[in-house]
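Multiple structures follow.
In the two complexes below, chain A is the common chain; its partner is chain B in one and chain C in the other.
Showing the complex of A and B:
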């Protein structure tokens, strides 16, 4: 499939190069037809070659988009089950520790989750837009906010104007099916390499095949968490639990927040992968539909031109015959 | 419980996070399985991603993390 796509792209570029030399728009789009062939000297009727070639290429594109849709649909089913199961991992944390999206701290780290591959609608732009807005909100004279970007597409978009805020980028996460171990190793790496008071994870939460919500999850550092718990709030409830072993509260909070981060990351990566597949499915569905419509229009033009030339030829023969008789 | 309590400062002192610690423990448990299940579960341990840090607005050479704890 990849080969076919590159072939398509190459074809497109070639057509672009030859465009200025050709006057007709239709001719400009179709490659491999040079000027003389459009209307050979002394030709009696219009050549339908160009339209035929264009129909063939549209048909090929439609085949590719249809195949991509099928692939996305079959992958989606497996990922969706895993995603829905993984929601059970972060829910207890939110119940216990609460979520504090409005917390105001000095060092912010924004983890923007995007996909490695394109052709999946607007989910990557959504992640990037939300991340940028959040970056503006959380950075100030005494505060700073850095990006950790997962996925190639988000990196490409954020490099343009937020280059100086990027701390770390990660890609190739989806080579194997996503599993917890992998995300945990990644979360470990992130925790070790960035300094943070609050980590904000941004991803597209999967709602249905056609609906994704940009979602923000905030994870506080143990120190900030402790401060929050002293000032009341949800974390204060932790005191009402009886805890086995001899750890102090700050140790427990540190362990909990670290584990919370890896669990949230696992769910976020899965949700985003699921949204990506869903978005790709609907994007490919609409592009196959568009290709079909275009094919219909071209077929109509083609048939009409062919019929016109036949009619012209008939008229010529009949009039010639009647001229002989008369 | 006493074993866990005693272990806490050690892994923390060795520079591990709770995530790293729990991963090592999970790998240990997975290794205890017998054959038909063992290889099935091994698929859940595959790690692959490439990570690159940025400094001075430039991307450093990416490090690929693959199939190791």
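Showing the complex of A and C:
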């Protein structure tokens, strides 16, 4: 009888090996349902190898996403202090010049700040959506608007349908830690190569670790600024200010615009970096939580499958033995 | 599937964040008093799309500035900001002296509204009997009608942190470079170096 049992067991294992493909497909399709399926003669039960492989990969994913969350959290701490310190930088300019987001000019330039790396939730898509809406808003029969894109993710999304509107793209902004000199050089580059009457900068402002608000800052060229201030527009009483400093008023205004642009860009790039890290933290957090849940479900399936196959084998052996006894 | 879950979380969080942003009423001397958002902008935005929420503007994120008072206030409120920190934030002082390109300028409460471009030099803040001196690299100073002064500079160091010997050495280096400069760019760079270092020298000695 012992020989019969071992023979049956060997037969069962051979059948298992021969019919893994069907059971694999079955297991892949519905891991929650565990039942011995109709298989060629001699097959005993579903292979647990498939479920085990899935469990291993899900566990790895969980580890990776948890590690990414930790990395993002530690980077965020460092960048957040610098961002908060730089928040005072653009306020004097807005206090002086006001803000005119609805200004109507011929040459608009939209600077969209996005991230280079992915896996950071929806912040890049939000920025791109807002930029596209802005572009529709500011283009018309006599006016045009062009893009300057910072970051790979924005470039990839905008190049699909607005390729001819893209004036300039910049990537690898965060290879070295962000500092004012680097951003000032970049701002200078943009101002030199792009003709503009108004520049609109779009970025995600960091409000808290889970909340980011798309923000729009408008910077007018010196000529437009003079025109607006003379016509009594939003620029406020720029005329009432005495200009202290050497040459003509327009030269001072030119310097002022360039300085304002570099300060605004510095703050914008920092805020966007903070938002990116915060978004990545929450995305990776929910990923690892999902992976954990999936792992629990797979473990249950695995155990059920394993126990079912053991039960089946036992039943067959016992029924075979009792049949032999007669 | 993981991406969708993350996206859902992010959009839920963003919606929560959007709901909690408050709109502050603004009343400043410069900008006409209105809510933090520009109504014309919101109008134009709604024409383009109603699904996407309009972006925030800086006015909504700033603390409102006080209006111009009727009489000259007794103290000057100073904001001195650098890219990496706010050195002085809303401090009430008696007087500040800024190194404008036209020379050292003193600003007292009630000073006329001015935009001044700064050259490398010493900025001193006078509060009662204390004087705090900084060497600023360059920047802008705005004096508003409501006796608030904003100084924005690229770099500033308190005077006691500057090393005299290094300044002398730098001055000598740049003067030599100026002498041997060939292209316009090199000449400009060397000239800037000479200006900054002589200003540093003057600040330390004077």
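To be clear about the criterion, the second predicted complex is superposed on the first by the 259 of 326 C-alpha atoms of A that agree within 3 Å, B and C clash if a C-alpha of one lies under 4 Å from a C-alpha of the other, contacts with A are read in each partner's own complex, and residues count from 1 in each chain.
We take it that a contact is a pair of C-beta atoms (placed from the backbone, for glycine too) under 8 Å apart; a residue touches a chain by one contact, two chains touch by 3 or more.
From a predicted model like this one, the values you see are computed outputs, not experimental measurements.
Touch counts on chain A: comparing chain C and chain B, the chain ahead is C.
Looking at the shared chain after the overlay, A:325 reaches neither chain B nor chain C. In the superposed model, A:244 makes contact with both chain B and chain C. In the superposed model, A:255 makes contact with both chain B and chain C. When both complexes are overlaid on chain A, the residue A:216 reaches chain C alone and has no touch with chain B.
Of the two partner chains, chain C is the only one touched by A:122; chain B is not. With both structures placed on the common chain, the touch criterion links A:142 to neither chain B nor chain C.
Once chain A of one complex is fitted onto chain A of the other, the partner contacts of A:166 are limited to chain B, with no touch recorded for chain C.
When the shared chain is aligned, chain C comes close enough to touch A:130, but chain B does not.
For the contact definition in use here, the residues of chain A common to its chain B contact set and its chain C contact set are 180, 184, 244-246, 255, 259.
Chain contact summary for the complex, chain A toward chain B: residues 163-164, 166-173, 175-177, 179-182, 184-189, 191-193, 244-247, 251, 254-255, 258-259, 261-262. Across the interface of their complex, chain C is touched by residues 61, 65, 82, 85-102, 121-123, 126, 129-130, 133, 136-137, 180, 184, 202, 205, 207-208, 210-218, 234, 236-237, 240-246, 252, 255-256, 259, 263, 266, 279, 282-284, 286-287, 290-291 of chain A.
Within the complex, the chain C residues that touch chain A are 1-2, 5-7, 9-11, 13-14, 16-18, 20-21, 28-32, 38, 40-41, 43-45, 47-49, 52-59, 61-62, 65, 79, 81-86, 89, 100-102, 105, 112-117, 139-140, 142, 144-145, 148, 150-152, 154. Taken together, the chain B residues at the contact with chain A in this complex read 1, 4-5, 8, 12, 17-20, 22-23, 26-27, 43-54, 57, 59, 62, 64-65, 69.
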